[in-house]
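What follows is a pair of complexes built around chain A, which joins chain B in one and chain C in the other.
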Partner chain A sequence: MGKDKLRLGFNGHFEEKEVEIAAGDPTPWDPSQTFSILGARTPRLDARAKATGAARYSIDVRLPGMLYARILRSHDPATVVRSLDLTAARKMPGIRAVLAIAKPGDALRFAGQEVAAVAADTPERALDAISAIRVEYGARPFVVEIDKARADGAPLVFEGKVETKTSAGDAPGAKKALPRKGNVQGPRASDKGNVAEGFGKADAVVEGTYSTQVQTHSALETHGVVARWEGDELTVWASTQGIFSVREELSQTLGVPLSKVNVITEYMGGGFGAKFGAGVEGVTAAKLAKEAGAPVKLFLDRKEEHLAVGNRPSSVQWVKAGATKDGKLTALQLIVHGGGGTNGGTGTSGPLKNVYACDNVKTEEFDVFTNSGPSAAFRAPGHPQGAFALEATMDELAARIGMDPLEFRLKNDPSEVRREEFRIGAEKIGWAGRDARRRVPDNPALRRGVGMGAAIWYNTGGTGPKATVTIHRDGSAEVVHGVQDLGTGARTMVGIVAAEELGLPLEKIAVRIGDTRMPYGPGSGGSTTTPSTAPTIRAAAWQAKKKVAASVASAWGVPEEAVVASAAGFSMNGDAGKRLSWKEACGRLPEEGVSATASRAENHPDAWKRFTAGAQFADVEVDVETGLVRVRKVVAVHDCGLVVNALTAESQVHGGVIQGISYALYENRILDRATGRMVNPNVEQYKIVGAMDVPEIDVTFLPVWDAVNNTHSVGIGEPATVPTAAAVANAVSHAIGARIRSLPITPESVLAALDGKARVAAMPGRETREGGRA
Partner chain B sequence: MKTFTLLPVRSLLEGGRESAKPGSILKAGGVDLLDRMKEGLETPDRVVSIAHVPGHDGIEVGPPARIGALATLARLDSHAELRRVYPALADAAGGAATPQIRNMATLGGNLAQRPRCWYFRQAEFDCTKKGGAQCFALNGENRFHAIFDTDVCCCIHPSATAVALLAYAARVDTVGTRGKRSISIEDFFVAPREDPTRENQLAAGEVIEAVVLPAPAPGSRSVYKKLKEKESFDWPLVETAVSVSVSRGTIQDARVVLGSVSPVPRRARGAEKILAGARPSAELIARAAEAAVAGATPLSQNAHKVRLARVMVERALREILA
Partner chain C sequence: MKRLLDVLREDCALTGTKEGCGEGECGACTVLIDGQAVNSCLVPFAQVAGSSVTTIEGLTGAEALQSAFIREGGAQCGICTPGMILAAVALPKDADLQDIRRGLAGNICRCTGYEGIYRSLRAAAIPARAAD
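Showing the complex of A and B:
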């Protein structure tokens, strides 16, 4: 342990702080430092393997004798299983295992819930066999619309206590017991200051009701595993964001010791928050594999993916806000009802509570249960919804007091990082000239608009992760760390940090990740992967390098502290004769080389702390005759701490912006109100933004040196998508001069807003809502 | 998907004969058929493939033009001469689906494909089009459904090329076990009132052989326009094809067609009447566009489509009468 004086902050805002450094942890990098590879644009280590198809994703795993499993699901939103007869299915050709998932008497609460499963020698035979399973259902009344679910006398989704089939990592914080009346659970509440007094002090008050749709995760690789037993040991290739949380769930559910469960994720095709646990499909595959005595592959199809394994809840948010005429927020209030199906639906209050400074803030959040698939954590849970309502409210309030929306935000934003980001972004998008550009020369049907939104995020990673770095006698190095790469570039990030610390080219480093037999790696959620993993890798590399230095010191017969390590190798202060290149030094190592296993140190309590900040601006074009919206450009300015790899960090922001545009304009899970079934469980009618609809995306990172960890790294996955829909919606409102209060923004909602309709007509998959005060 | 036998045939006639046998179905590009088979909407024992029958993918522009039924949408799009004479057809073909699909999809298959209604496309909805008792869209989720002829089945016809072919007064030539015939494209389609379980009058054993387009009248112009929510891989909200011939400042003849608004592609005869014999003006175009959507019976969630159709007709007319 020791205290180091560090220069921390960003851009022109640096200050000196004393930070306590844990034993075994290197001092955080200094802003005066030059880097060999850190922060450069480094192509992914696996780029070639992915581009050529050589990369083996979990869904690509094929084992000798492997069987294929399918799950039988209920078609109706609320039923009781009366009887289940598996005998016919068992007798079908090629069927090797059959498993009941539900049992007689079980209530099924959404269309798509699991009933039974089979494993067969071909996928086609498995599919045939599930249709031979005889199930008798007793129909129960159901409700799939959130406003109807809230009404007195609505069919109850849960007659008794709330039971949800969640997987580890889902819906964080949703477990606490809350009061429940009918289908409405809550509130989760917060109350700061006194909002009544705050509204009393306001010169202007606005209120509005904002609604958002259900978005499904729609990762390219679906949920699933390949499960193989060898004796009493289970190995599972999973498409997961957390190999260790999958191991935990399998161990607990199957009663197998943790030591006998191995989970592997070599390559992964996206998760966005819905892939932390083994899930029903993972546990089912393991059970079928046991029964059949053969490996089993169970991956869901696209329809199952939409129905049963997670979504971003819908929301109906009532927001009220007040400000003085000189632009100071006096009160903010939120009441939200969130529809997460059979799971929680809230968590939208984050932006309202944390982005802008306000003395009086009150929030109440209610889950509304419906007979539809359960929600799961989804890239910045609650935040895109919350940001949409908050940022629209900020624009309305600014208009009410006659202040420029940018100036209004700058006045109320306590984050000096984000104020800087707002200024950078405003410059890049051409904020100042935005009114003059609203009309498009030569096309009277078009309007252009610019809008903005703020991003906030909270996590800085934490303890738990471990990594082993081995330096070999030939000077090459190997990093072993049980993190998984979701497609974010984590594998490359691990290599870069080791390369930087060791002073080696990336080609000299082997990165081994994605296996629970390796030192513990973090689950990839909450934007914590890089800030958890990077400092761990650096610490292990630093310790291993110290061991090389120690061996040099002992060869020279000098104390360890006398040996100076640099990119060139090792030397001794004041002794020009004592000099060894890295290669020479490593050549003197014993046959086994040197290894160090380091643990992630605690976050430094006296670091330069802040909430992660971002600002985005959208430039859109709206056809006022058809209501069609095209996003022309998005400017994204983000705090990503100290960027490890500019190329993949930028790629993360691209992904967040693209997903945000898709949420703003297209994606919408539509349930048939009469039958409770999803009508668009595909990627044809569940519309996801395509390449032709992706605008120019201008990404800027504002480097922040915070010393929260030894690499100053911060996750970017979630903040990148928090404000996009908000910025797009505000840009559309600016373009057409009418407020947009619901997502997705469609031609009909734009036309309705233009028509000045207070009430937007009922839209498929969405709830009716008040248009709010204009 | 049920196990089936793939039977490649050497002629369209053989294709017709084989596909007329019980448990058999005809396949050209297979784009739509495969979707339906995966969902269990079709469960054939034998799939009779005409995909590799030679001699039916030619494009003779003429005019009159004759296009083999097995010509792909990609070829219609990239055929410069076809595009020059029949631009609305080239644009309709080139704007459909995705490049991958256009490389496989044939003109005949595009005309004979089945609607994309999300109730029809899911096995668990036993809808009118499947021979069931109700149209789920009528009072259900009908944002993308029909705004005309919504009384029996309110699906919309998915063929973009049909919209253009209607504007060109094309004919569909067929070959089959009962001989050859030539059907006007307008008579080719079957409205739900007549039979909701089919969209065209192809008989068992009958196969589309070619599409014939008459020579455009002198001074005629044509255009195809559509409105999609997304530019990448999306179906139109509304589409229109318009063909007019103008002589000495007067519109001689006009064909105005609306797509994605009704169970079969629809000629807007009200608009055509207003245009015929008139001199082009902004006021005339507005009146014609208004007439094109007169009598619409939109559903609970798609009233906006009436407006969109009107706007698209107006834009199409403006473009070719400017």
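Showing the complex of A and C:
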């Protein structure tokens, strides 16, 4: 332990701070440091495997004698299982195991809920067999729309106790017991200052109701596992964001000791928050494999993926905000009803409570249960929807007091990092000239608009992870760490940090990840993977290198402190002649080399703390005749701490922006209100942004040296998608001069907004009223 | 009848061809049939009798494009990548940027934001005019 004086901050805003460093942990890098590989654009270690088809995803695992499983699901949104007969299915050819998931008397609460499962020697036979399962259902009344579910006398989704599914990464407070009336649970409430007084002090007050749709995660690799028993030991290849949380769930539900469950994720085809647990499908596969005495593969199809394994909940947000004439926020208030199907945790208050400074803030968040698939954590839970409502409100309030929306935000944003990001982004998007560009010469049907939004995120990673670094006699090194790579580039990040600390080229380092038999790695949620893992790897590499230095010291017969390690090798303090190259030093190690296992140190409480900040600007074009919106350009300026790999960090932002555009304009899970079934459970009618719709995306990272951990690293996956839909929606409003208060923004909603504006304008003595009640 | 996709993945153990939707909407299962990019999830196996089927494992002559995907970050999670590469090599040689966009419109990528993919195509100059 010791205190180090560090220079911390960003871009001309540096200050000196004393930070307590734990024993066994290296001092955070200094801004004057030059890096050999950290921060460069480094191709993924596994890119070749991906580009040649060699990469083996969990869905690609094939084992000798492997069986294929399918799940039978309910078609109706609310039923009771009266009887379940598996006999006919058991007798079908090739069927090796059959399992009841629901039992007679069980209530099924959404179309797509699991009823039973089979394992067969071919996928076709499994499919045939599930249709031979005889189930008698008793139909119950159901409700799939949240406004109807809120009404008195609505069919109850849960007659008795609420049985919600939770997963790591849920919004804070999601697991707390809350009061419930009918289908409405809550509120989760927060109250700061006094909003009534705040509104009293305001010169302008706006309020509006904003609604957002359900978005499904739609990772290209579906949920699923391959499960294999060897004696009493279970090995599972899972498509997961948390190999250790899958292990935990399997151990608990199956009653198998943790020590006898291994979970492996070599390659993974995306998760976005929905893949932390084993899930019904994982547990089912393990049970079927046990019964059949053979390995079982169970992966969902696209339809099941949409129905049953998670989504971003819908929201109806009433927001009220007040400000003084000179542009200071005086009060912010939010009441949100969120629709997470059979799950809770639907709050959206994060941005409103945390982005802009305001003394009086009141929020109430209600979950509204409906008979539809449960929500799950989805890339910044609650934030894209919350940012959409908040940023629209900020624009309207700015308009009310006659202030430029950028200036209004700069006046109220307490984050110096984000204020800088706003300035950079505004410059790049051409904010100043945005009004003049609204009309497009030569095309009277087109309008252009520019809008903005802010991102906030919180997590900085934490303790738990461990890593082992071994340095071999030939000078090469090996890192073993049980983190999984969802596609973010975690594998490469591990290699880069080790290479940087050891002063080795990346090619000399072997990275082994993705297996619970390795030292504990973090679950990839909350944008915490890099800030949890990178400091762990650096500490282990630093400790291993110190062991090499210690062996050099003993060979020279000098105290350890006298040996100085550098990229070139080892030298002796005060004796220029005494030096050993890295290779020579390693050559003197014992046959087994040297290893060090380090644990992630605590976050430094005395660090340069801030919420992770981001700012995005969108430039859109709207055809006022067809209502079509095209995003021309997005400028994204983000705080990613100190970037480990510019190539993969940038890719995270691109992906976040594109998902945000997709959310703003296209994606929408549609349930048929008459049958309660999803009408677009595919990727054709459930429209995901495609190659044709991609705008230019300009990404800037603002390096921040915070010393929260020894690598100054911060996650970027979530903040990258928080403000995109908000910025796009504000840009559309700027373009057409009318506000659209619900997502997705469709040609129909654009035309309706234009129509409403025209009708209001035609009324004598009335002005267009932006910011009124929706 | 088995789908070509199943025969490739299950019978031939060629798992480089992926399944994303099974309905011809995502392009993850793209292979070349006699040089044409086709969604193998839509092809009954018997239909390829007498044709030549190329999967990512057997693709030759696309090293420049594959290297560009590696260097330029064209793959994030990478599960769409084999399909993207096969769709890209089937583009006509004189395709412009709009043709490329149209040619890849049937291939969904949930991760990269397509930027890395375009950059890879431009870097490989495949097709040559992608640079403009």
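Details
Note that in this section the second predicted complex is superposed on the first by the 747 of 774 C-alpha atoms of A that agree within 3 Å, B and C clash if a C-alpha of one lies under 4 Å from a C-alpha of the other, contacts with A are read in each partner's own complex, and residues count from 1 in each chain.
Everything that follows uses one rule, which is that a residue touches a chain if its C-beta (ideal position, glycine included) is under 8 Å from a C-beta of that chain, and two chains touch if they have at least 3 such contacts.
Values in this document were obtained by computation on a predicted structure and should not be read as measured data.
When the shared chain is aligned, no partner comes close enough to touch A:Ala555: not chain B, not chain C.
Here chain B and chain C are compared by how many residues of chain A each touches, and C touches more. In the superposed model, A:Ala674 lies in contact with chain B only, and not with chain C.
In the superposed model, A:Leu220 makes contact with chain C only, not with chain B. In the superposition on chain A, A:Met692 makes contact with both chain B and chain C. Contact with chain C, but none with chain B, is seen for A:Glu650 once the two complexes are overlaid on the shared chain.
Shared-chain residue A:Glu684: touches chain B and chain C both. In the superposed model, A:Glu748 makes contact with chain B only, not with chain C. According to the touch criterion, the shared surface of chain A, contacted by chain B in one complex and chain C in the other, consists of residues 124, 684, 690-692. By the touch criterion stated above, chain B contacts chain A in their complex at residues 1-3, 116, 118-119, 122, 124-125, 136, 139-144, 227, 229-235, 237, 300-301, 303-304, 307-308, 311-312.
On the chain A side of its complex with chain B, the touching residues are 75, 124, 127-128, 625-628, 665-666, 670-675, 677, 679-681, 684-685, 687, 689-693, 746-748, 751-752, 761-765. Residue ranges of chain C in contact with chain A, taken from their complex: 2, 6, 9-10, 13-23, 25-26, 28, 55-57, 66-67, 69-82, 85, 100-102, 104-105, 107-118. Of all residues in chain A, only 41, 43-44, 46-57, 59-60, 62, 123-124, 218-221, 267-270, 272, 301-302, 486-489, 647-648, 650-651, 653-659, 682-684, 688, 690-692, 694, 697 touch chain C in the complex they form.
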